[in-house]
Each structure stands twice: as C-alpha cells, then as structure tokens.
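The structure follows.
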C-alpha cells in the first residue's frame, strides 16, 4: 500500500469539507477521484500534500503517518502535487520553474538529468526554456506544472484537474503523458472534472459527494454505473 | 408577491461620453510638470554650480534611501507587510556600529592584531568589520522580530501584523531610549574612518580645513562616493541573488505564490526569515553609512529615513527591486531640490505630493505590476 | 517609591466603571421606549456631571479624569470616522489625522478671530463651506451626465470650481465682516458679539464648519486618490497627513495665517469646550453613523468592503460609496478636531504628527474592524489605560519609571494583537448599535426543500 | 453624490415584440495580445432561456463580464432594448436590468443572507441617506417594504430560515441559491447565470431547473446561462450557443447541438462519443 | 481568553514593578511635580531637566527639607507635546494635588500647562522655556503663578549680536533656523533685529526643520554667500550635524549660537571656532558652580561610568528647584499666593548667575559667552544685562 487515507475529516472554519473520507492507492496505479464541484476532491489532495490540516483521520504514505508533516517535508518524502489552476510561477522562466520543482534536491548533475527527462516528455518546454512562465499558453502551463512536479522525482503524483481549460486535443495529449509517466513507475492520484477522460486512464475510481466517498470500484464498474453516467457523464 | 418589474429600467442614453474631456486632467498634470521644469531650468542657469552641489547632496541622500528601500520592498514583496519597524532596524545598525567603534574600538582591531599593517588597510578592514557586525546584528534582530511579532499573525488579517509592526517600531524606539540601553540622547557619532572632501575647480583638489574652496567650486566627499558605490554594489548583488541563486529564485517563487512554493518543498518560513534578514542587513549597512554621513544619532533616527525610503519603494512600485532604487533616487533629488529652491520645511510635503501625483498617473508605482482584477 | 496596590485597584476599577458606563449608555440608547432612551442618556450624563461637581473638596472625577473623558470622546469620534472608512468600507486610510488637524485649525481660527473682534473668519469660512458645497453638488450633477469621465479631469474641474467658490467667499466674507465690527465693541468695552453666549454659538458653528470643510477637502482629495489600490491608497493618505502637517508648520510663512504661528503653536484659542460638548458631539456622531450603517446606504458601503465586483454587479456605484464613506468619516474627524481645538486653547502641529496618526488606526483595529461598539470601547479603554492607568501607576514607581510608559504600551499592543488578531470585539455590536433583528418568517413548507439530498449511490 | 438617481426614462420599445432584448454584435476582447473573444454575436428575445456552453477558457465568462459591464469590450456593440450598453459602468448595466451570478460565487461573505439580498435592492431602496439619518417615516416604510421583498425572495429559495446566517458559513449549495436570489432582487429583465448548477448533485439540479423555470415565468425574465452540466443545459435551454477559443462554433436547439460533430469534437470530447 | 488578558495586564504591572521599583521614602510633606519630556522628540532634555531638579531636591532633603518638610518629587512624562503635557499637568495638579511644578521644558508644551497651572493657582517654574508666551498671555497680562529660571530670547539674541559685531568684527552674517521651533526662531529674530540695528548685514537666511539631518543644500548656499559669521541658534544635536558638514564643505566662517549648544555631547571638534551664549559655564570657578558640577557628577554617570557634566538644562532645572524652594522657605509657607510673592522679591545666587525677577516674571541675570576651541569649551566673557 503506497498511500492509505483513513477516515479523514477536514473543516474550513465551520464547514465540514471532508466527512470521513477513506481510500487507498497501490504502487504503480492510476486512481481517480471524481465528483461535482465542492464535493471535496481538491480538499483531499490539498490535505494529502499538507496544505490543509485534517481534524482527524490518518494519511499513511509508505507506512508513515504524514498527516502532521509540513508541506515542504512531504515533497521530500516523495509526494508531489500539480495544483488546480497549475499555479505556475509567472515571473520565473520555464527553466527556473523547473529548478524550483527540484528545490528539494541538491546534486546539479542529477537535476540536469531530470530536466532532460522532462524535456523528453514535453519537448514544447525545451523550446520555451527562457520564456516567463506567465507568458505560456494554457496547455504549455499545464505541461510545465507537470514537469515541475516531476522534477522532485516523486513516488506519488497528485494531479488536480489537469484538463481544466484545455482543448480536447491538448487534453488527449496530457492524458497520454499521464499514462506515460505512470508507465515509468510513478503512482498517480488524479482529480478530474472530465470524468470520462479520467475513467479512461484510471484503473480504479472513487466518487465523492459532499465530502464523502459514495462509490468506489474499478474504472469500468464506475463508468457503467447508471447513476454515475446520469450525474457525471452528462450526455447519458 | 409584489413585482417591481413594472418600473422602467434606467436608461443612460442621455449621458455623453466623458472620454473627450480627458485633456482637462492631462492638461492639468502637464501644466504642473511644466511649471516644475521651468523652475528647475531657471535655477540651473541661475547658478549651475549651486545646482550641481544640490544635485550631489540629493544623490547621496537618494542612495541611502535606496539601501533602506530595498529591505522594505523585499519584505513587502514576500509577505505583503509594511514593515514599519524597518526604519528602527536601520537605527539599530547605526547604534551597533557606534558601540563597536566608540566602546570597543573594533575599527582598530587590525592595528592591534597586526601592528605592521599599513594604516589604509587597517581603516578598510576595520571599517568593514564594523559594517559587517552591524549587518549581522540587524539581520538577527529582524529575524527575531519576524518570529515574535509577525509570524504568529501570518494567517490573521493583514492589518493585525501592521499594528504589531507599529508596536515593534514604538518598542524599539522607546526601549532603545531607556537609560541603560542606548539612552535618549543625541550622541555624536565617532566615525570608523575620516571624511575627506574634494572640490572640482580646474581639476580636483583636496579641501583642507580652514581654507574655503574658491567661488564656483563643487565639493564632494569620500563618504558620498562610498555611499553611492556601496549602494550600487548592493543593488547589483541583490539583483544577482534574486535572479541567479537558488534561494533567490525560491524567494521570488514564495513571493508569487506561497502555497505553490510549499508544494515545491520550499520551506516558506525559512525563506521569509532569510528575506527579513537580508533586508535588515541592508538597513544595517545603510544605518552605518547614514551615521557616518550625518554623524549625530539617537533612537528616533530611523523614523523619517524609514518613512522616506518606504515612500521611495512605493514610488518605484513596491515589490520591485529596481523600482525601489529608482524611487529612492527620485526621492533624494525631490527633497534636495525642494530644499534648495522652494523651502526646506516644505520638502516632506513636496516629496509626498510627487508621490501622490505619480500614483495617480501610475497607480502601482513606476515599475509596479498593474493590479489584476479577477472576475 | 513603590506601587500602591490600592491605586492599582482604583485604576482598574476606574477603567471598569468607564467601560460599564459606555455599555450602559449603549444599552439605554437602544431601549425601545423613547422616554427610557432620553431619560437614560440624561441620567448617565448627570451621573458624570454630579461626580465632577460633587460638592466636596475633592470631587470623585477631577480634572484629570474629565480631561481623559474629553479626550476619549474626541479620539472616539475620529476613530469612528476611520472605522467607517476602513472597517466598514474597506479603504485603508492613514489620512484621518490630517482631517482631524484640518478640523482643529479651521475651528480654532474662526473662534480665535471672533474673540479678537474679527467676524471675518466665521463669515469667510461659513460662506466658503456653503459655496464650495454648492459648487461640488452642482458640478456633480453636471459631470454625472458624462460617462467614463477620467477622474483627473473631474478632479481638475472640481478644483477650479472650488477655487472660484473660495475666492468669492473670501471676497464676500471679508467685505461683510467690517459691518459687524461695531457690534463687537472694543476689548475694553465688549459689545454683544463678544458675550459668552455669542462665543458659545460661534464655537458650535465653527465645529460644524470645520467638519464640513474637512469633508470637502476629503471629497477633493478622495476623488482621484480613492481609485488607488488598497496599500497605495494607504500611503497616499499617509502623505496627505504629512502634507497637512507640513502646511501647519508653515502656516505663518507659506500660508497666510500669522495667528496660527506655524510650528510654534497657536495660542489664545477660547477654551469653551467642556466634556459636555465632546459628549454631545460624540452622541451625534454615533447616532448619525448608526443610522447610516443600519440603512440601505450603510449596506451599500459594506458591500464595497466585502466584494467590489459583486457590489458593482448589484447596481452599486462603488466609486460614489467609497467617496461617501471617506467624506463622512472625514466629517467626523473634522468635528472631533473642532471640538478638541477649544479644549486646552492651544494647537501645535506636533499634535497632528503622522506618528500620532496611527492612534485612531490602533483604536479601530484594537476594537475590531467594522464594529462601532468596538471602536467606542477601545477609544475609551485606550485613553484611560495609556494616559490614565499607565501614567498614574508608573508615576508612583519612581523617577525613572515614566520613561517606561512607551515601552509598556507597545508590549500591550503586541500581546493584544497576538491574542486577539481580530480585535477586542470582532464585529459584535451592543445595544443601540446592534442592527434591529428582522423577524424570521416561518413557512409551513418542508425546510430546505432544495437541499433534500439523497446520495447518488450507496 | 450618494447615488446616481435612477431616472426612469420611458422608452417606446415594448418587450415581448419582435424587438430583441439583447443583441450582441461583433464583440471582441483582447487581453494584452491575447484575443479572448472574437467577433461574438448573439441575439436573445424576451422570455427566452438561452445556454452558452464551451470548454473552460473558451471566453464564455469574458462575454458575461462584457455584457454586465465588468469588462469594457475592445470593440463591438451590446444592444439592450436597442441601446448600446457596451462600456457602461457595471452598476449602470445592472440598473438597466441585467442581473448576474458568478462562476465562483461572490457573496458578501461577512454579511447575513438577508443583507446580501437587501443590498441588491439598494438602487431601488426609495429613500436617501438623509431619510436614514433622520429615521423618518419614509425610511421606516421603505425599509420595511424592502425587507419584505427580500424575504419574499428568500422564501422562494427556501432560505428564510437562514436569513441571519453569515453568507460565508453556508454550505455550497445554499450559497448558490443565495446568489441567485440576490441577482433576482436586483430587479433584472435579463438574468445572467454563470454555472448555476456547479457543485450541485443531480437531485438538487432537478429542483434548480424547476426553480429557474418558475422564476422566469414569475418575473417575466429572460435568462442566459453558462453551464457545464450537460443534463442541465440540455434539459432547460431552448437555444444553445457553443463557444471555443473565443469564437462561436455552433448555435441551435439542444438536439441540434448534441448532434453537431464539431461540438462533440471540441467540447464533449472523443471520450464522450465512445462513452455515450 | 479573558483570563489571559487580565493575567497579561497584571503581568505587565509586575514587569513594571520589578523593572522600575526603586527605593525611596514616602510620606513627604511638599509634593513637587517635575514635568519633563522623557519620551517624544527630545527625551534628552527631559532627562537632564529631571536630573537637575532631583539634584536640587536631594540637596534640600539632605539639609532636612524646607522648614522641616521633606520634598517629594513626582516625575511625569510630558513628551514635549501639548496634550500629553496637559494630561500630565492635570494628573499632578488634580490627582496628586501638587502646588508646585518644575517644568515644562518645551515652550509649546509649557504654554498650555502654564495656562492651566495659573488658573489653579499652582506655581509653575519652567527651567528652560524661553518663549515670552509662557509667563505672559497673548493680551500682555502676566500669569501670576508662572515663573522661569532662564533668560528669554530677546536678551540672548541681543548679547550675541553685540558680541558678533564688537568682538568678532563680523559685519555679515548668515542665519540658519528651525522655523518650527519657538526657541530657535525667537533667538534668530532677536539676533537679526539687534544685528541689523547695529549695522550688520544679513546675507542669507535659510529655514530647516528639527527633523532634518542633511544640511548640505543649505550649506551649499552658505558657501555661496560667503558670510563672516553663521548664526545657528539651535540645539547641540543639530549644531553637531551642521558644523561637521560645514567643516567638510570647507566653510570657514565661525558659527555662533545660543544656550542650546550647551551639552556634554556637543561635538567640540566640529564646532571648533564657534561661540555661544549661555546661562552658565561649568568651567566657572565660582564655588556654587564647582559644587554643583561636582555633586551632579557624583550622582549621575554617563554610559562609560564617567561623571556626567551638567548641561544648561540640568543647571537651569537645578536653579529652578532652588529658586522655588528658597521662595517657599522665604514665604515660610506652602501657600502658593505667598510663595509667588516671595518669588517676585527673590534675590538668589544660582549656578546660572544672580537672579531677580522683572515684572513679566523673567529673570534678570547675566549671560556668558563661551568659545569652542581646541576641543574644549572655554569661558570667554560675561555680559551683564
């Protein structure tokens, strides 16, 4: 078990945002969390990466409880998050953004090697290496955000809405890369509005509703669930 | 349920476009600018030597402000806090160097340890030691202040930290004024090195005491040159630090988005501490140079330069390092020229009027990023 | 010398009694019955008045205490104005102290001239304030016909209008004033205008004129400057305070007011204020502010603080409401200044230094942004703690101790902010200042009909 | 000074006739060098319920912001009852009868639910600040009337029980409803809803659909909405406009849109085709 | 939370007690308030004034008090600012019931305090407030209960002008003044009037404010005007800055000033060659002065542990105390109406010379001229009134 989330409760002030969420990831999996806006998907990711504190419950990463570990330490442990809205450092160049991704690492040669790997996955970034992050297009920013997260060589990659605001073609491209990253050994926890897309790459899925998991199963099972089709796949 | 929909909607069609009247405002500003320009040009041709002399003193003042303004702008850039205590850290820098020089003769240590050293080296090494000591003490002080007064309020409303900043400022001023601390006196400052003045008049000559330079000579001193050189060096090295080094990039990343920075594994608290430390070290350096240039110190010494430097930072666009620098130079000149050609007591008023006018034309300062409205 | 525990107790009790008195005042003012309201206020006023006039050798409230009460009233007026601007409307202003100073000097000049047999001050200022007000209102009507008018152009036009109005007022006032000269008599044989009653009336007029003048200056200054973003606005207003202070220092050289004596301070202002006036004006400010805040206008002001974009989308002209709050807040500051000016009969630019200008800000934040009660409580507490308790206690601790006053004060401030970053009372209101509750409608439909959520899948 | 007086200027147009309520022509918006909206056209007739869909970043919200006056268009016309409102201040647009909600709910967080709705009534409050200061009869009467109206709206949205709660303490779904209630209270003829169903579960969405139909009929409204929940859009809208990359790529009835291959490719995605 | 707040208040009080508690007897008979600006813009004046006054009180108490009554000092911080000064006055007059005040130092704070003290028939003895408005109201009426220990500006300015023309033979002068400071402005005006009346020529006059530190612009103008003398009647802190910057600019004209120059902190190297008028000289060999300087130095040490040399503020505060106590002793009563009458008739030989009062309650006494030379302040001459 790479990541185990157990009975997580998170509050925003008085609002009970996560109400006993539990799920788990095996090494090498792609797991997706789907659900409506405000269901608690992003909150879950932010709690795992340490940006939010849970009031109760446990998050175990490779057996270690990380629910009280500081966000910057969690990165060192091997969890990296691509935040919702990408959160590129707009005034920094592409290269500097990637360097920031490798902030936890010291060896320049290894960092350089990682950067080359990122450029191999995202050739567009190499072309724009000296451009400011803020001047990139939406798709390029998403690639940069993912490349940046990979620079810390994470064991677990948390992806929050990677397709947001991207054209279908770019979305397809991003999802192809997600699969590729996964095939190179990185476990991925994917939060995605485009449920269809997410279910097409994931092995397993959890459905969140108003802060709790209401359904779980293999991607295919979830996709074929009539209520899910009705609620989240829209066209049904 | 009663319906209000029956009332006719407001129709603004009768309103004419006011954009055509933009010339009124522009003309007003232009007239003001012209007036200033005319006064300046006339003053220059009236007595070019006096004008140059005034401009030099403005330059010296501006470069001191620049050193303080850098700290303001860095701290604001990263935590969006107007650190009112910054001017008092500047004051502390002056006092640390005062004690180092007057009480411990720290500026003479190379002579004591290496008796054979040439005097010029003794002065240089000794003075550098004094300056470094002040910078280190100020940095430690600022980090402590940050930990005690600002960090606990990082998630509180921004105004709470501003109030504690004012509190810290009062505390430093009046705690420093206690008899067993710095005492409230105006203390004549003993310089670690002497001030030498030259004048330009058919070449450059040394001013010797008791002999007035000839009419029409322009004087300048070594401290003015030191201030300018150090200030430019510091500005450049800060630029290098922020642009090129790992920590500098982390500072920029933290300033832009703290949460994203945390997700990169950046220890935001440490970066903030480092920012405070660097800003305070510059203030400490500024404090020493200021005290050397204007050698009478007391615990309220930092209030006005701190304020002016802050204004300079805002003028240049707060958060921008070159902005702080340019803003400080403008402030220095504005003050000096006002003092020279309008009236010394009016110089604060003029400096602030300039600030307000600049803000009206460029609402986020000269180098400031325009504020974006997200809808 | 040692601390006398008894006087420590007395000091604490004094603060507690003052706080209780403020609480009681707000409670009786909030009472439903008109008679309880009026009677209660008069009774509470009378309690203080009796304590002052207690027919013993040593009254319960001596001049030191009434002085504190007076200053608490004036600083609270100023702070309430700032709370309107910052706490309720969200515009971070450091200019309040400047308007306070403008009010003080304006009112002082009027009464000073009056008691020296010159009605010109009152006439010029009075006519000026009215004319400028009319010009501003008139121009506002005209300019609102243009949409998208650049704010600097509007500012220039207002400036020209105000300058003309001011010149007219000066001309008219100065030529009318000699007509009254005979009514003043001479300093040996005073005429009716020099009588006590006349001076009192002129004082009240001068305070109102001072407030109006501060408000008009606030309009002119605020019009362009309120377009700035929050911190930039704060700095520009700080600049305003410093410019005003510099002008005070130069009032006898650059400005044509030799009687203000520049930085040396203005002497000979008639000392006609008592704490009674401060109290009455404070009551007036509190009532006006509460009535505004508990109205649709008040809600519009609040909405600007809460979310400017949403506010615009609700049909609210946010530029107007920022200006309204700024002008009204400055009006309060001007009135506070006018009252203050006649207290010790002496004004000096040192009082209006920008450093002291942080005091209202500290009071407002300390009390709680957006809480009128908080500001009133904090204003009284601040005055009785810093000028009262700390001064008295440290005075007993020996000759070195008073230097510690400004060391202990910031420590208190720090502790308070660390313990309660949202201020003493947050946004709680007491009694009179509490918005009247709107009775909730009960319907017999099922509660939360829309939110009857059944999980999709179980 | 306090507020621009809402002079009711009588117009000859009668809503409901062939005259379009909103007619947007060649609307463009540039951000820096980026063209966010390109030659956007749209006509809405009184009483219609129109949907605007498209992927994130397609320019839908930018169009909303231009119609409601928050953005000034780079070029183009926005005719409301035949009057060009492009470039008017947002408060004027609102006072002319355009109400809106926001994608990421923008309530007044520290104010009560009732006050949130009452603020929307402000331009029609019917009393001045002077009345308020004097607390005269006019104030009392108008304030009572205004409060009652606000409570009426709360009642429609079943929010009357929580009228004294602070907006920021409400759960997501209730915040959405308060926002719609507030928009209605601003007395609009044209209501712009930006993702009203976001964050609602299917059961809530059904109720919301009924509610929107109800208020449209009740208040004689014309509604333009942005939504991602296809079920919602397809179920409620009479006409739909689809945007992608700042341009309109399709218009038509829900059926036509669902069948349009370009829409399926650009928006619904290939995944949708094989999933559906 | 509430408990914490109350606790912290008490904790503050406890800090205050432990930090400031000093031994001393209570239960004295004559309470005397010392109002001094211990914080605010010029705290150093406050400290000197307080120390000088306390010195006088200690000496009287050591001698057994006045008429057998001990003197109890009450020190209040007046911040050199009107409101706090008036608050302090209210406090000592109404709360502590003092009948005698030594202070205030700054004229702008002294004026409102004097008005209040006078209305309460409390005797106020200002050591150093030189503005005429302190003892006389704006209609020219003397405030019965207000006195001062220093001579007023016109006298000092006249002395300086006379000395400049007659002894220094300086026919042209440049005046630098802080026009926001009553003291400086008063001296400058008095000097200008006397100087031009006696045939001198003012070649330039420049204003600054007390907060300035950079004088290079003004000095550039001084260098341009080439006067024979620069009159700078400001406090030593400004003098230090100005003279140092002037030396560095090669300005050779001597500087001249008033009693504000007097301070152990005057930078004698920078001000070398300068002259100033003063109330007393610590180098004076008269026994009063010698004793005072010795006693003061024994009581107060500077930050290096060396005996402090009393400046004019300390000397005048000392004289102010002695004047007051002598008057009380002469009156044989603490009744202020009697004491005030005794004061008007007093003839007291103080550190700053023999003092009698004129009709406006200003002391009639001699001034000394001091010369700054060779790193020392040297007594030059005495100018009698």
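For reference, chains read A, B, C, D and E in written order, and residue numbers begin at 1 within each chain.
Everything below uses one rule, namely that a residue touches a chain if its C-beta (ideal position, glycine included) is under 8 Å from a C-beta of that chain, and two chains touch if they have at least 3 such contacts.
What you are looking at is a predicted structure, and each value in this text was computed from that prediction instead of being measured.
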| item | value |
| --- | --- |
| Shortest path length from chain A to chain E (each step joins two touching chains) | 2 |
| Relative to chain B, chain with the most remote C-alpha centre | D |
| Rounded Å distance, chain B centre to chain E centre (Cα mean) | 35 |
| Computed distance of Cα centres, chain D from chain A, in Å | 33 |
| Separation of mean Cα positions, chain C and chain A [Å, integer] | 53 |
| Euclidean distance of C-alpha centroids - chain A vs chain B, Å | 43 |
| Overlap residues in chain B, where contacts from two or more other chains coincide | 12, 14, 174, 177, 179, 184, 343, 345, 375 |
| Junction residues of chain D - those touching two or more other chains | 4, 70, 88, 92, 95, 102, 171, 201-202 |
| Where chain E touches two or more other chains at once, by residue number | 38-39, 41, 43, 179-180, 207, 209 |
| Of all residues in chain B, those that touch chain C in their complex | 12, 14-19, 21-29, 80, 82, 148-149, 152-153, 156-157, 159-160, 163-164, 166-171, 173-175, 177-179, 184, 303, 307, 310-311, 314, 318, 343, 345-346, 348-349, 352-353, 355-356, 359-360, 363-365, 371, 373, 375 |
| Residues on chain A engaged by chain D in the complex (per definition of touch) | 13-15, 36-39, 138, 164-168, 171-172, 193-194, 196-197, 200, 209-210, 223, 227, 230-231, 233-236 |
| List of chain C residues in touch with chain B within their complex | 92, 143-157, 159, 224-225, 227-229, 231-232, 234-236, 238-240, 242-243, 246-247, 249-250, 253-254, 309, 354-355, 358, 361-362, 365-366, 369, 400, 403-404, 406-407, 409-411, 413-414, 417-418, 421-422 |
| Touch list for chain E against partner chain C, complex | 1, 4-5, 8-9, 12-13, 15-17, 19-22, 24, 26, 34, 38-39, 41, 43, 50, 54, 73-77, 80-84, 86-88, 90-91, 93-96, 107-108, 111-112, 115-116, 131, 133, 137-139, 178-182, 185, 207, 209 |
| Residues of chain D defined as touching chain A within the complex | 55-57, 168-169, 171-172, 198-202, 228-231, 244-245, 258, 265-272, 275-276 |
